[in-house]
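One chain, subunit A, appears in both complexes that follow, with subunit B as partner in the first and subunit C in the second.
This part shows the complex of A and B:
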């Protein structure tokens, strides 16, 4: 190789590097977009995509830390086991029931509270604060408080029942009563969250629309159904997405109130996942259960998103 | 259609009195414009007529009925709001037909009335769109359509053109005037724009600080302003004001300019020596023609507008504006004799600012 050709090679390499550097320092639109998105993409990949993939992979393994045996690929065996597991069906049914009861319950109560808080009070902060407190309370704390409320001997619920002449109940001995107590607690806790979001939505509805409806002849009830509710729909859908996903993952409140009992009558899917992975250290089966919960959440979100996009399409 | 009568109408928020016992009679079919600067109480007055604002004192009558305690829906009025207040989730057809539906009209009747109103306003092709798909001018027409579809006794307009650009404002203004001529319903219209007031009104009510400053036809308030405020508010560019003292049958300006008092018509004879006045002269009443009466001035700024030329100059410490013909092009710094028609000069009392002549 002559000195000249060697020099040409070096010059070419320098030119290539300079071009790369200038692309980095003065990137075109696509490169700039990619560069700006990169940190978020890396973060999402690290905290969402990787764990989900790992979860999926683990769900195909026989991986129990108590047996000491090495992980073994078992295909869909964990899912097969799930189909034959009565506790799984019980926990799934409980989770779905809790979602079906507490999400609409919290929506109705939250909507009522938001409408109340939106009234023209002279001093608004006590109303807003009282809405905020249940939401700000940790879930396990709320579970503990309500476990005391429903205590058969010194709970306030039985005390009130006795005062109005009704017999008290041993709430956590009966599967139905224990379930009802849990649903009530979740509804109380979640309705303040719903109320906060709906209140924010209510405040975006211009007052002039109500004034126009007043002039048009619509009374308060008609205004609610013709103006408030339709205009709140996007807000409500967003609140429902958040709330439904949280309800599908219900753990803290039943864990603190009943521990899933009596028996497994109030166990939820999240509690059963926790039991399998943390208590029994059966990571393979626990992961398979978590995959089911993940798919359930995704399906619900997809339905809600379709509702929103359907509405936007209609605009 | 119905007359509207306001009697000692009063509105206070706490100790702050927004409307101070105003009296106003609006005849059946009349187009009355409430005009004034921000905070003068014009919108509050309109909202009290609509029933959207409670009244602190006085009485409102629509036709023969006292409506003080009636909710808006029982007053048989329709209102066009500043932000149009169209229901964003309803189509134009549903927006316009809403009041009919609420009042129990049949679907066929509502459809026919909506179609008639839409044809009148040229929005028939927009009936299936939602407000979000309309331009500002189209929304404005829909808001008017919603108001006329029910044929109420009184229309109330709350600054309906303030969100439109100047060109569109002119178009819609003409449309509102046509609409009034076509349906003849009583209209109470609120604006802060004196051009809208002058062009639309049968009568203008000029409000200031919650009080009525003057009521009159556009010609009356333009030609005979009751106060410095009205003179300055009506007309564009606004009326010029400068202080002058009566002395020896003349009005003396601080810079030595003089106008003969005798030229001001009989009323000016009440002026006495030594009394100071605020002299009001409209920019369009100056002339470059050779006249006996006029002012010596030095030109400060010249603004050629194409149709006219605005010339700014100082007299007695006040800056005045003259609207001269387009061919008049004095140069800044040039000494100029600007003539004026002495019959067009207004004199105001310096302390009350009310008109003397």
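This part shows the complex of A and C:
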């Protein structure tokens, strides 16, 4: 072997390595795209896709840690059990009802609060702070606080009722009153969240529009419906998506206030899932219930997403 | 070079730390926050003094039996090794053993303990936990008020209702309730249901089979409902948990209370309005039935995931010993798990009524023993709560319990 041929060989090797390296350092569009997406894909796969698939798989198993028996594939048996389970139906119905009552409730109250906070005050921070506090309060604290408010003997609600000459109620002794108390608490808690998002939206509306409307002689009410509401719509839709999904997952407030009582009349789907998995260790049935909740959330999100994309298409 | 030196130093440190001369085993005991941890701490200090090289710390869990079970369920199903010795409500060993969470005490003989506890801690012939303290439900009554109206402690629930009416009407006090019991959907409500049910001679589960008697269940639910309707118990009894009963009795607002042994020491302690005015008796029976009580008490289990099995078992043995049982009886008014201690002079000085409590504990009945107890409990307690709140009738409630128990225990 001559020296030159060996040199050629080495040069060739160096060349291939450099080509590999340059492909890595300066990849074409497709490779670059894949490389850049990889971290997000791995993360999503790890924290969303894998758990959801595992949940789906578990929902087809008879897997109860209290039995000591190994997991057994049972097909749709868990879902069939659900159909015959009165507590499941009650919990699902309660969840839907809570969503239907508290989401519009919080929207109306939140909108009102946001409009108030947006008024030209001199000192705005106390108003903004009081808007922030209910939202910053942990859910379970809010539940505990309101449980005391509505307590039949020591509660402030009955005290106020008595002072104005009305009889107090045993709130948590009646399914309807207990449900009403829960909805009121959730609305109070969620309104501040709504108000904050809407307030941010309100501040993006240029003052000049209102000034022009003033010049044209449009009244306050007309201004609200013609300027404020249409320009707030995208903000409101986003707030509604967040709020609705959170409402479908309602757990903390009824858990702390009534524990689902009296009986099981104020239990929600999330509470029932928690009970089956954490208290009863029936992971199969609990997973099946969670699958139902997942589907419910997906449906609602799909509807909202359609609303958004529909609007964008019309533009 | 630097790295190598650092690594070798670390390695030396690890060897030294794990060698017997320097070893200090850390044990963690799980206790209830409401279960007098300060008194247990004193017992643990004694253990540390006798066992140099073992340090014991306490981890406090939820206030109620249900909350503790929920917490332990998550810890144990994650195979967490951080807890070594666990205090367990008497209803849990069966479930924990079935899940494989307890490390059995091979060859341990439980004959020296009261029989109900020997039974509760033996699952499929294996000793899975050791008794911590005994308990049962008792009837607490206001001795001063009963004496004032010339009434003896009632033997039946009907007598109790009449006596309660007589006292509350005589006292003309808005705040005075006739009877306080547990109507909230908590573990205590299971015993609420079972007391008059058992009193009729019925059982719920026998030999793993459901032996539910719907008529007896209807009667039991109707009895409690009638107390609320007749004004013997307060209207919001469906909101009352075990410790509410204790507090209201202690404040002097209750004539009769159904409660566990722990209420005694507190009713005779600082801040109690009824010091020296309290009597403790067996719970009444339904007319023509037998007086029965609900078996309570707590057990010491050793976690199967503990990394210090030997030391943890040693600690559990110590905590379950006659010395600690006596110490806790005197200092925490916890009923002993050894029959002889009930008549011990020092124990009787602290809690005179213990002398009469042994037959109650001996004959107290255990709640259904099944690995799926949590589900059985949930069915019963939510139904009791629903009936007391007027959501369902006693007859419908009994039917619901039967249907749902059938599905759980099939």
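The rule is short, and it goes like this: the second predicted complex is superposed on the first by the 295 of 315 C-alpha atoms of A that agree within 3 Å, B and C clash if a C-alpha of one lies under 4 Å from a C-alpha of the other, contacts with A are read in each partner's own complex, and residues count from 1 in each chain.
As a working rule, a contact is a pair of C-beta atoms (placed from the backbone, for glycine too) under 8 Å apart; a residue touches a chain by one contact, two chains touch by 3 or more.
Note that the structure is a prediction, hence the values are computed from the model and not measured.
Taken together in the superposed arrangement on subunit A, subunit B and subunit C fit without clashing. In the superposition on chain A, A:170 makes contact with subunit C only, not with subunit B. By the touch criterion stated above, A:153 is placed in contact with subunit C alone, subunit B being left untouched. Note on subunit A: of its two partners subunit C and subunit B, the one contacting more of its residues is C. Of the two partner chains, subunit B is the only one that A:208 touches; subunit C does not reach it. Look at A:262: by the touch rule set out above, it reaches subunit C but stays clear of subunit B. With both structures placed on the common chain, the touch criterion links A:217 to subunit B but leaves subunit C unconnected.
The minimum CA-CA separation between subunit B and subunit C in the overlaid arrangement is 52 Å, rounded to the whole angstrom. In the superposition on chain A, none of the residues of subunit A is touched both by subunit B in one structure and by subunit C in the other. Across the complex, subunit C is touched by residues 64-68, 151-153, 170, 172-175, 259-265, 275, 278-282 of subunit A. Residues 66, 69-70, 73-74, 77, 95, 98-100, 184-185, 235-236, 238-239, 371-372, 374-375, 378, 382-383, 385-386, 388-392 of subunit C touch subunit A in their complex.
Of all residues in subunit A, those touching subunit B in their complex are 206, 208-209, 211-219, 222, 226-227, 230-231, 315.
Those residues of subunit B lying in contact with subunit A across their complex are 50-52, 71-73, 77-79, 81-83, 85-89, 98-99, 102-103, 130, 132-133, 146.
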